[in-house]
Amino acid sequence: MTDQAYNFAYLDEQTKRMIRRAILKGLAIPGYQVPFASREMPMPYGWGTGGVQVSAAVLTPDDTFKVIDQGADDTTNAVSIRSFFERTAGVETTTKTSEASVIQTRHRIPEEPLTEEQILVYQVPIPEPLRFLEPRESETRKMHSLEEYGLVHVKLYEDISRHGHIATSYAYPVKVEARYVMDPSPIPKFDNPKLGDMAAIQLFGAGREQRIYALPPYTQVVSLDFEDHPFEASKADHPCGLCNATESYLDEVIIDDQGGRMFVCSDTDYCAARQAAGHKGKDAA
Amino acid sequence: MRPLLSVQGVTKHYGAHIGCADVSFDLYPGEVMGIVGESGSGKSTLLNCMAGHLAPDAGQVVFDTRAEGPKHTVTMSEPERRMLSRTDWAFVHQHARDGLRMGVSAGGNVGERLMAVGARHYGNIRDKATDWLERVEIDAARVDDRPTTFSGGMQQRLQIARNLVTGPRLVFMDEPTGGLDVSVQARLLDLLRGLVRDMGLSAIIVTHDLAVVRLLADRLMVMKSGRVVEAGLTDQVLDDPQHAYSQLLVSSVLQV
Amino acid sequence: MIELNDVSKTFTLHNQGSTVIEVISGVSFSVAPGECVALTGASGAGKSTLMRMIYGNYLTQSGSIRIGDVDIVQSEPREVIALRREVLGYVSQFLRVVPRVPTLDVVADPLRALDVSAQEAQARAQSLLTLLNIPERLWSLSPTTFSGGEQQRVNIARGFAHEYPAMLLDEPTASLDATNREVVLSLIEESKARGAAIIGIFHDEGARDRVCDHEIDVSAFTPGMAA
């Protein structure tokens, strides 16, 4: 029974306390990237080591845990992280958004509005929104501390000059409480409006880059834009092929080699719940 | 009239080695001052001390800010100094790639300072960038091209546009024509001269090219081993140098 | 308007055994508005040197050189520059310009520096260039490619663009043909008539006799030459 040989939720208590301190600091300074001593986890970088450490630090034995990867509960990444905490923490797991108290996510925010009883943990690959134009960490830190954010708009300017519109469609930069510019992790910009004024706590963990940042409940989050090119939360202009939802974010699925394709909700729990309630799309069996 | 920049006793050591020692002068609005001297004479060290890139060991630099009048730039807070360097100051590097973002289009390069001071209207930023490209004689059709596709002279002119777009009052130039073809240099000098006059700029130009200072600078400082050995009206220092080193410097230039 | 008082100059050649050469000593004279004074003396007597000292191009060791209210010997560079911009004109023997600047702009430049509108400055430049017989097809070209005589005329046009209250003319009629010489002499006469104080060096005796009111023999102040 090797599982019993591990401390609750894999990490030792000292590490969890260290991570909790980083989380508390992040919550106190919304959008600020707090450095933390990221641990080696039994999974490769890029598989959510940052999110897993944050989840481990906030989970309690009474929690119900849900993991989504691009909105889906049933992909390899989601399944393995879910089973990791089933084994190391023994917590309840679920695929239902409303039943979960802690939701770890890669690249999506669930469609169903979250509540004050919930915590959303994001997996973050590159936490620094200024990194694409300024490679020096010393310089980006200074830019954050001095609120020198002209560079973010240079990126958006380049987008418009090259594509005629802001082509950035995910990891779209936001400004938090009119202070820190933050990378919301690679969520589609469709999800950006949900970041602000959310009832749940949002925590962001970047394992490889060793950064934690956070949005406390009901934080003001504004997507950056130009006056003449305002921010737009875009999605594929179709209803879901399975549940006929028109308000959800859709994945495009290629279904044959004849160019056939369908659009389905990326949030599998949301889609399944709608189908169970009798909604039916044109591609539903 | 109040000096735009007042430098008093600026000294910078690198260990036991003197970078520059006890340099003092006042620069008035609209004046262009040249600093000449051989490599290692301390002219670039002095320039960097004045532009806030280096902290001098002693001495003070007082700049007459647009917003709040004369302020000590050495002791002011870093955010304040960085704000100055985006608004009232400009810095033209010898190598354009030190002063440009090579991965960003020409328009984005020029627009950056505007966005840094709060411009948020894409159309206006782009119009202004295009206007500035034309002012530095770069075809407006190149606005979306990256500087990597530009010639050395064009890159240098782009760097100048990028610096002047926010209407600075003081331009620091470090060998602005260094490494350019002679024909390209002449064009750049002519452009700089026109901009300096039309915008009423003050400028401090570090160079070892005496022809550059003769054409651009009203005043000249000759430096040797970190110290100013002679200063005065440019044509007077060049045509009637008083110090032994200035005489040597002037007489060493090949006549063409 | 121009007043020299006990002016002296030495050159010290630090790189040639610190040789000290006394060039000029004890010069005093003055030029009133509307007056033209010729500097004379043999070659090497220091005529050009004295003129350059008056312009502030050469450093004066002692004495005073007053142009209007300004003593150029004691002035800060910016004061000299302002003086040269507004009060003191100088037509040297050689044209020195930024390569590739069109002739028209070269001539209009002194007016542009005085914040005269581009249009007005260009109009003045055009009329001077026409007067001095520089063909219009050359106006858009840089004078660096011109012949010696053409360059000299461009230089004169530039020197007369602004109506300076004080002017220094170094061989203004040298290398000019009779027609253009006449134009230059009338320009000098017009300047005198409007009250300019002028100091000139003329090898051309006819020109000197026509425009100058009196002469100063510089050799009298040259150590080793007067003796």
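The letters A, B and C name the chains in turn, as written, and every chain counts its residues from 1.
Rule of thumb we're sticking to: contacts are C-beta pairs under 8 Å (C-beta built on N, C-alpha and C of every residue); 3 or more make two chains touch, one makes a residue touch a chain.
Source: prediction; values computed, not measured.
Chain centres defined as mean CA positions place B nearest to the mean of all protein CA atoms. Comparing mean CA positions across the assembly, the chain most remote from subunit A is C.
Mean C-alpha position of subunit A lies 46 Å from that of subunit B.
The centroid of the Cα atoms in subunit A and the matching centroid in subunit C are 77 Å apart.
A straight line joining the Cα centres of subunit B and subunit C is 32 Å long.
Against subunit B, the residues of subunit A that register as touching in their complex are 133, 142, 146, 148, 150-151, 153-154, 157-158, 160-162, 226-229.
For subunit B in complex with subunit C, the residues that touch the partner chain are 28, 31, 186-187, 189-190, 193, 197, 214-215, 218-219, 232-236, 239-240, 242-244, 247-248, 251.
Subunit C contributes residues 11-15, 52, 56-59, 77-78, 80-81, 96, 98-101, 112-113 to its touches with subunit B in the complex.
Against subunit A, in their complex, subunit B makes its touches with residues 78-79, 82, 86, 101, 103-105, 107-108, 111-113, 115-117, 120-123, 125-126, 143-144.
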